[in-house]
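Paired with chain B in one complex and with chain C in the other, chain A is shared by the two complexes that follow.
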Partner chain A sequence: MQINLRHKGSVTILDIEGNLVGPNTIALKNIIDDHIRSANGEPVYMILNMERVQMMDSSGLGVIVAAYASIQRNKGRVVLLNIGGNIRSLIIMAKLVTIFDRYDTEAEAIASFL
Partner chain B sequence: MSETVYVSKVNSSTETILVVDDDTDILALLEMSLISDGFNVITASDGMEGLERAKTDLPDLILLDVMMPYMDGLQVIEKLKSDSDTSTIPIMWITAKSQTEDKLKGLETGGDDYITKPFDLREVSARINAVLGRTRPVKYINPLISAMGEGFSEEGVAELGSHLQAAAEIQMKLLPDKPPVYPGFEFATMFRSSTSVSGDLYDFIPLSETRIGVVLGDVKGHGIPAALLMVMIQTASRLLCNETDSPSTVLKRINTLLFHNTDLEQFATMVYGILELDTGLFTYANGGHCPPIHFISGKDKTDTLNHNRSKVELLETGGMLIGAFDIATFSSDTSQLSPGDVLILYTDGVTETEGVKPNDFYGEDRLIECLSRNLDQSAETLCEVLQSDLLDFSGTTQLKDDRAVVVIKRTEVN
Partner chain C sequence: MDEKQQLRISLTLSSSMQLIYLLDTVISDILERMEFDEEAQVNVNLAVIEVGTNAIKHGNKEDITKTATFEFIIDDEKLTIVVTDEGEGFDREEVADPLDPENLLKSSGRGLLIMEDCMDEVVYSKNRTGTIVRMVKKRNHPMP
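Right after this comes the complex of A and B.
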């Protein structure tokens, strides 16, 4: 799995590539945790770009749920970009559509923070 | 909008390989090749540094050169094997083709395999995977060994093993030992765990003469942490499911309990329903779980050929997964089981069963098709049919995920 971390203005974009399954998800969790920690309590604005993620399981869901909760605690926000098939249905099944805003283009996702 | 400020690339495979060699070209070559195979790679250019990195990073496998300055490979391996933190890390020697004697000596001194210079990179990758395949199970025991610290001993590990066995037995005892028996209904269950303890659960809770509570859930993850949470939910649901509270109220309470008592990432998905035994009405709430499927038999006596074309209803109403959000709200809904109807509650270990082809999963469609064809069978037979279809599909009895299934059939009235 590979994760690219980019910044556009105050928005952090994580481009995730690979499957968010089982122990694979620890890396994403560590990167998100480090990022939140380095923000020192300032709000974090984050886009998780899932365009290159084909599969996600409950561990993957756990990581993004935890990210949502810790980012929200400091009045930040995390949104999902380009979620497809399996991931979309998992999020719908877990009834998390009301929690995560989803976007199909990076521009829309970034605009949502403005 | 500002330009990209920086890009960092993090390789995050689950397995880390330490390469120790004083030849920097070889280090670079192996590093590049292993990274492209998806491993995390750490390098060290002499024995002393290699030993340090092994102790601090606890890699999953070490590629070790024999001849090195300061401390040679044989000394390194001796030190690694005498330290309980590192003694189980598999080691592969890097040797030159001519060093056949080294090969033999290497295996005798505790190396698990060897690769020879010049490398055939594909062969290196295959051999590494073969060694990791053999040693992976040991990795899961390592945390236990470290947790035991000085108390580590063969007997200690055996004792932990027996405790784990006991935990699995306690857990199995928490599950109903046999499905309930009520006139007018058939109940059947299937339960299989991918490890000795399970994160899946189901339960039947008698609420009154004419009402029975049905619980089925799936705790995130596997193994001991999932099993502990499973026990917590099973106990909570027995205490909280009662005759007066609606399924949505019960899920809300379990959600609050889990939210305040577990980590953010710990959650479960579950369905709780109340079945009215005199009318067949099933009132339920679904907390982020894969929807139970209600097969409406709709058998038309004038058109028996069409009985396979049963309609299905997915029981989706409820709310979010359980335990992650304090704000979660739940609602209940009903589904009417008529004579001949079948209701299946299951965990995603069923639909996520992987087929013989990679990335091919059993899925909800195949589940519906499999059961639709057999609706005239008993609940117990339906479970057996499903189990054998899953076996046909996956070609293996090895499970990657826990599996729990509850089948309820309302029998025909005579």
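Right after this comes the complex of A and C.
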């Protein structure tokens, strides 16, 4: 799995490529945790770009839910970008649709932080 | 395939999460050969990853001296997957409901829910040596 981290203003964008399953999820968890830690309690504004994620299991779901909880604690926000049908179904089934804001374009996702 | 004929594929893994990818390789090939549609393939693949994670991580506590066995039974009408670990087992009724509002933000506890949602049938049992999970996915049309 590959994760590219980039910034647009105060927004951090993680472009994730590969399946978010099993041990693969640890890399994403570490990157998110490091980023939250380096913010030193300041709000984090993050976009998880999942355009190239075909499959996510309960471990992957756990990582993004934990990110949501940690980031929200410091008054920040994390949103999902370009989620495919499989992941959308998983999020609906897990009743997380009301938790995660989802966007189809990067511009819309960034604008949601303004 | 003859109506009563079954093909059986068995895979025994040491309890290392690094071996989960082997499950993905095997089940992906089986699903393709059985001509499940794309949605069913994703669902079964996900259920197998979840059941494998449960067996290796939660059942066998990633103790590599313990094994988890995965048996894939293919017949004309369905795919049956039987997974056996060496763990202490669990009572399904005692597992917290991840859909309960107070559990929604917990980072774990959704594996069984996903398995049950993705498969047509999931049955949990226990024998002297560990936990047994039996999952079934029915085919929409008979094997060619």
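Here, the second predicted complex is superposed on the first by the 114 of 114 C-alpha atoms of A that agree within 3 Å, B and C clash if a C-alpha of one lies under 4 Å from a C-alpha of the other, contacts with A are read in each partner's own complex, and residues count from 1 in each chain.
By definition in this document, a contact is a pair of C-beta atoms (placed from the backbone, for glycine too) under 8 Å apart; a residue touches a chain by one contact, two chains touch by 3 or more.
For clarity, every value in this text was computed on a predicted model and none was experimentally measured.
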Task: Fit or clash between chain C and chain B when superposed on chain A - done: clash
TODO: Classify the contacts of A:I110 with the two partner chains as first (chain B alone), second (chain C alone), both, or neither.
DONE: first
TODO: Check the residue A:I31 against both partner chains and state whether it touches chain B (first), chain C (second), both, or neither.
DONE: first
Open item on the list: Once chain A of both complexes is superposed, is A:V21 in touch with chain B (first), chain C (second), both, or neither?
Closed with: second
Open item on the list: Tell me the contact category for A:Y45 with respect to chain B and chain C: first, second, both or neither.
Closed with: neither
Open item on the list: For the three-chain arrangement built by superposition, which of chain B and chain C touches the greater number of chain A residues?
Closed with: B
Open item on the list: Going by the contact rule set out at the top, does A:K8 touch chain B (first), chain C (second), both, or neither?
Closed with: first
Open item on the list: In the overlay, one of 2-10, 38-46 or 398-406 from chain B clashes with chain C and the rest don't. Which one?
Closed with: 398-406
TODO: For chain A, give the residues common to its interface with chain B and its interface with chain C.
DONE: 22-23, 54-55, 57-59, 61-63, 65-66, 69, 93-96, 99
Open item on the list: Under the stated contact criterion, what part of chain B meets chain A in this complex?
Closed with: 1-2, 4-14, 38, 218, 220-221, 263-267, 269, 287-291, 318-321, 324-325, 348, 352, 359
Task: Partner chain C, residues of chain A touching it in the complex - done: 21-23, 54-55, 57-59, 61-63, 65-66, 68-69, 86, 90, 93-96, 99
Task: Touch list for chain C against partner chain A, complex - done: 17-18, 20-21, 24, 42, 45-46, 49-50, 52-53, 98-99, 104-111, 113-114, 117
Task: chain A - residues contacting chain B, complex - done: 1-9, 22-24, 26-31, 54-55, 57-59, 61-63, 65-66, 69-70, 93-96, 98-99, 110
